[in-house]
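Multiple structures follow.
Each of the next two complexes has subunit A plus one more chain, namely subunit B in the first and subunit C in the second.
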Partner chain A sequence: MLARQLERTEFHAEDAGLSPRRVVGIGLVIGLITIYGLAMVGGIMKAAQGNLLHLAPETFYALLTLHGAGMIATVVLLTGVAHWYFLREHLTLRVEVLLFAVAAIVWGLLAAAVAVLVGGFAPGWTFLYPLPFVGATWPAWATGLFFFGVLFVGIGFAIYCLDILAGIVREYGSLLNGLALDTLIPRLRRADGKVAPPTVIAATMVAIDGILTVSAGTILVIALLGRWASPNFPIDPLWIKNLTYFFGHTIANLTIYVSAGVIYAVLPHYTQRPWHTNKIYAISWTTSLIFVPWAWPHHLYMDFVQAPWLQLFGEGSTYIASIPATVVTIFGALLLVYRSPMRWRIGSTMFVAGLLGWLIGGAAAMLDATIPFNDVLHNTLWVPAHFHTYLLGGVFLFVLGFASHFAGERAAPGRFAKTAEWLFFVGLGGFLLTFYAGGIEGVPRREAVQPAPGPFLADIATGFVVILLVGLTGVLLETLWRARHSAGQGGEA
Partner chain B sequence: MMTRRNVPWLGLLVVAMAADILVPAALGIGDPPLGLHHLEHAFLLFGGGVLGIAYVRRSPREWGDPLWLFATILLGAAGLVLMVPELYSRVDAYPVLHTLLHVGFAVVGYFGGYAAERYSPRSGIAWLLMVVMTGALTATGFGAPPPGV
Partner chain C sequence: MVPLEGKQLVIFVLWVALTAIVIGVFWWVMRSTRRPDAYDAVSKGGYRLRKSWAWFYGTLLIAAFAATLWTVPYAWAQPAAAKRPAMVVTVRARQFSFSMPSRLPAGRQIEFRVTSDDVNHGFGIYSPQGVLVAQVQAMPDYTNVMYFTFSAPGTYTIRCLEFCGVGHSDMHQTLTVYPAKGSV
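Right after this comes the complex of A and B.
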């Protein structure tokens, strides 16, 4: 009966004028506007740390919470819609599901924004227990609303992952074939000889690990909501901290792997060469699938009560998870570009530059995940340095590249676009360098008031953020302009 | 899954679940430690899920409505809410309620597996993946105080 009722109420997005391209476009526009706003928030925080403007500490920490949580959720949204756009070439995916996923993530973002901006929720995105409940300067409703926001983001990502898993099984027969393990195990081979392309391999890995991550996130949020509803709800602080990083670190990490799926799909458009699957890809991505969810303990080396085996396992997993997929993707991309009739556009430049950001940020992350280095770098500005490098200098560049491609860039960039791009890259590079310098000098992260040379470096960083934002504005305007001029000409290049 | 060859396995699963639900209540055996108790509930969710998936697979189906995905996610959260230990302590004193709670896990598992599989053939495996992960992670300390407290 329930089934019949559901069939009667079935919603078809295309009947409402929501084509797949339009839904992707909506997700892209919402995401880019949000990122732009959150980048400005980041600039304001840097200016405050550099004493260029005054922010009360509770306002600073509220903005820090919004910036961190908002950026991760928005990057999940942006990379998700970008990859979905290309996955439709290989899988039967339903636009209604994407629409629901986008809506859930946007609702989650809005809830978190209200909790922070109206309620003043300010324990940082990690909301480490018992911080959200003990000594809070914000009302209890803000705490609950923020957790519901996190839950919504998780639900959106879970729906996205479930639909992709369903599409993979439907098209390739099993998840093992989605990982292209049929290239290694003959009995898995299909009669039609169809092998999953690299972009589908990446999707399989992300969707499986995504389900595991969201499961952890749901347990985390239900436990915190339990504590919110009842002060007697028992929580082991170490247990919940482990779960917080399982969820938070892994979901942020997965956006890189989603981006790799986008690169596999889009770079061949520019190089005019196909990107083939082989056994190395199957092995590399399966390795990442297994180890990516277990890299998070590298954030908790200072937790002396943590089991030593977990610390060592986290260190090992960090290396094993990141190296294979990164190496095959970057080498694959370089081989694809080398001596190809590459068309250098904003999109292709962003993709190649993003690979560099992924490499540098990843190397800095592994350095920090190595226990003797972590003794020195732990919780210094080195940490935001590495994740800004691979998120802002990697994943976000892939998103900008996708946006340019999606907008339909046919001609080479003009002087305006080139200038904007250069300003963006100069701003980005300078901004990141100040973070690394702060890390080397031992400046602590997540502090409204920093010891020297923190304020001096923050002043320089603020200048670079302004340059970055000017460049980004130019790049986005150029993309918008091209989108308007290519409308009706069939989309991308 | 619902082939003639699998019927004995499904039967065995039903017997195991029934034994897990009924035997402790009938014999008055107390609850296992919290972690193990979570795993027991995850087993019931998992078993129910397998049965739900098997039920859908009796006949080939086309894609279902995307709302089935929502149902899958919500049932996952419902299973977790049922795992809140405070609930255990409230129902543990009443053997019938305790047994019904365990039946509830199997029912939520059944509908979770059903909903996932109803969305698309073989996507029920994602439900089972969620349940295994939930069981493993809750067993490490969901609703447990810090050691020594």
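Right after this comes the complex of A and C.
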């Protein structure tokens, strides 16, 4: 329908000088600048928790809201454009649709930023009902604007997913074939024998679960907008808490699966080895498709009133969802690298390091998702420790790897690039360790003023954030320099 | 720093061990690229290893899941109080305080009935040494029931563990746990 509308308006991006590569580049640049700014916001919050500078609590929580919501939306944008870039090799995707999706997400981000920075909206990025409406220190318009911002981000992601699903059906005949289930079910096999490659399988899972999570998010936002419009609008706190985490957890979690699609496409270039589809991939990604959306109840373990079967199902689903990632994708990537004629570039280093972050953060997440451990980890710094490990130390590294690959990597990194890389990794590792130490010490998350040893750890973390940002600046400058001096085609040959 | 003990110590050891193993494996794989070999030569062994890894990991997860069934903190998994019924304590959370008794006995099972008058809060219990020993959420319109026995007397801290608004970090108070009757 969207494609028909686009044809009716006769807007063709390429006529306006917006080639697919250019639109991907625009998304990448907007996303990286936004992430850099939001990382600085994170550093400011750490400095405030460490008493190195003073922030009023309402300012701290507003920045916390901006940092969380902004990071998730930006990571969705960045991983989305990166995967789209490779999917075009296999699917017919319209650049106009990507442009619309990027624009919707950017408008959503801007709306959220205005709600937070001008309106002072500060209930955290999960905006857990009824917090946005009770004891609010911000005006009602900021609440409404923020929710519309979330809706825009959801619309952008939904458009992106729908176009990919349509492309898969056009190219492979059905979504079942998109998951490569034709390798298991003979009657699904195509006459030409064409099977979806791993990057398309990943796209199928992400797009289906993406539509599911955006649908939940839309119901959530409509309910909250209803309450915003009328204080008598009935909302059950337990129901909406489940819906909030179904949406929030799944959309954040999906970014790593989008990244897996990027890894499938790009790692063979560096290792000079093929990454083929087989039955294991079909089983693995179908398992992820089913169980990833069912992991959300692990956010509600401490709500003892929740149905016991749901608590246990949440734990079981989290465990099961980890099997495809560790046994198939990460193991497969390591096997591809093992004794390969690997071209070590910034891109390949970032991809391998990102896999490491995914595993370490995943291990921490599994411990947190184990119910008897959760009662001493829930809402401590252990939670941001694990999601910063697999978002900053995983997904973001894949994005940096993609940016480097996209810019072009025709030579091994020089001394400047290597130094920047090491500074970035040292800053990242030290910063993450302070989070884990705080978590194991029981320091609560989301506190403007933390109990000991929170401030001490925040001081150390601030130092590491500075090192991280210096290293990141170097990596980005190196990438920019390479982009300007390459033929504009990317790649690492 | 808070002493590492109990579950926190187990979690810390597990995470450090897993992280060390993972870093070691990655380091070994990365160094192996100095001695390139044909993919066919390494992939057969790799696929065999993957199969073993899948069985090992799957078995580990099933065992972990089974173990948790007996150790979850929910009411249905708690043993009834050994000699006498649990002492019922109602906790009402609100922005930014808890309404609850300021003194409770050690050594007796307590049934905390936790709810909220406004937004979502957390009800976290920190030992006199500062170790987080138990928690449950306080949600409006619902009552979460948590069974807990204070193992030793002392000054505990009750702290909100769910972001609840601008005064969230000030939402903590002390709880005096006195020796159980008959104890020395």
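Here is the rule we go by: the second predicted complex is superposed on the first by the 477 of 493 C-alpha atoms of A that agree within 3 Å, B and C clash if a C-alpha of one lies under 4 Å from a C-alpha of the other, contacts with A are read in each partner's own complex, and residues count from 1 in each chain.
As a convention for this text, a residue touches a chain if its C-beta (ideal position, glycine included) is under 8 Å from a C-beta of that chain, and two chains touch if they have at least 3 such contacts.
All values reported here derive from a predicted model rather than from experimental measurement.
With subunit A as the common reference, subunit B sits beside subunit C without any clash. By the touch criterion defined above, A:A166 reaches subunit B but does not reach subunit C. When subunit B and subunit C are set side by side, the one touching more residues of subunit A is C.
Of the two partner chains, subunit C is the only one that A:F373 touches; subunit B does not reach it.
In the superposition on chain A, A:W239 makes contact with subunit B only, not with subunit C. In the superposition on chain A, A:W344 contacts subunit C only, with no contact to subunit B. Judged by the touch definition given at the top, the superposed model places A:R415 against neither subunit B nor subunit C. In the superposition on chain A, contact of A:I208 is made with subunit B only, not with subunit C. Annotation: apex subunit A, arms to subunit B and subunit C, angle 100° (C-alpha centres, rounded to a multiple of 10).
In the composite built from the two structures, the nearest CA pair linking subunit B and subunit C is 6 Å apart. Overlap of the subunit B and subunit C contact sets on subunit A: residues 236-238. Partner subunit A is touched in their complex by these residues of subunit B: 63-70, 72-73, 76-77, 80-81, 84-86, 116, 118-123, 125-126, 129-130, 133-134, 137-138, 140-147, 149. Residues 57-58, 61, 122-124, 128, 130-131, 134-135, 137, 236-238, 241, 273-274, 300, 302-305, 308, 311-312, 315-316, 319-320, 322-323, 326-327, 331-332, 334-342, 344, 352, 355-356, 359-360, 363-364, 367, 370-373, 375-380, 436, 440-442, 444-453 of subunit A are the ones touching subunit C in the complex.
Interface residues of subunit C facing subunit A in the complex, by the touch rule stated above, are 1-2, 4, 6-8, 10-12, 14-15, 18-19, 22-23, 25-26, 29-30, 32-33, 35-37, 39, 41-43, 46, 50, 53-54, 57-58, 61, 64-65, 68-69, 71-76, 95, 118-120, 122, 124, 126, 130-137, 139-146, 159-170, 172.
Across the interface of their complex, subunit B is touched by residues 3, 6-7, 9-11, 94, 96-97, 100, 151, 155, 158-159, 161-163, 165-167, 169-170, 174-175, 208, 211-212, 214-216, 218-219, 222-223, 226, 230, 232-239, 242-243, 246 of subunit A.
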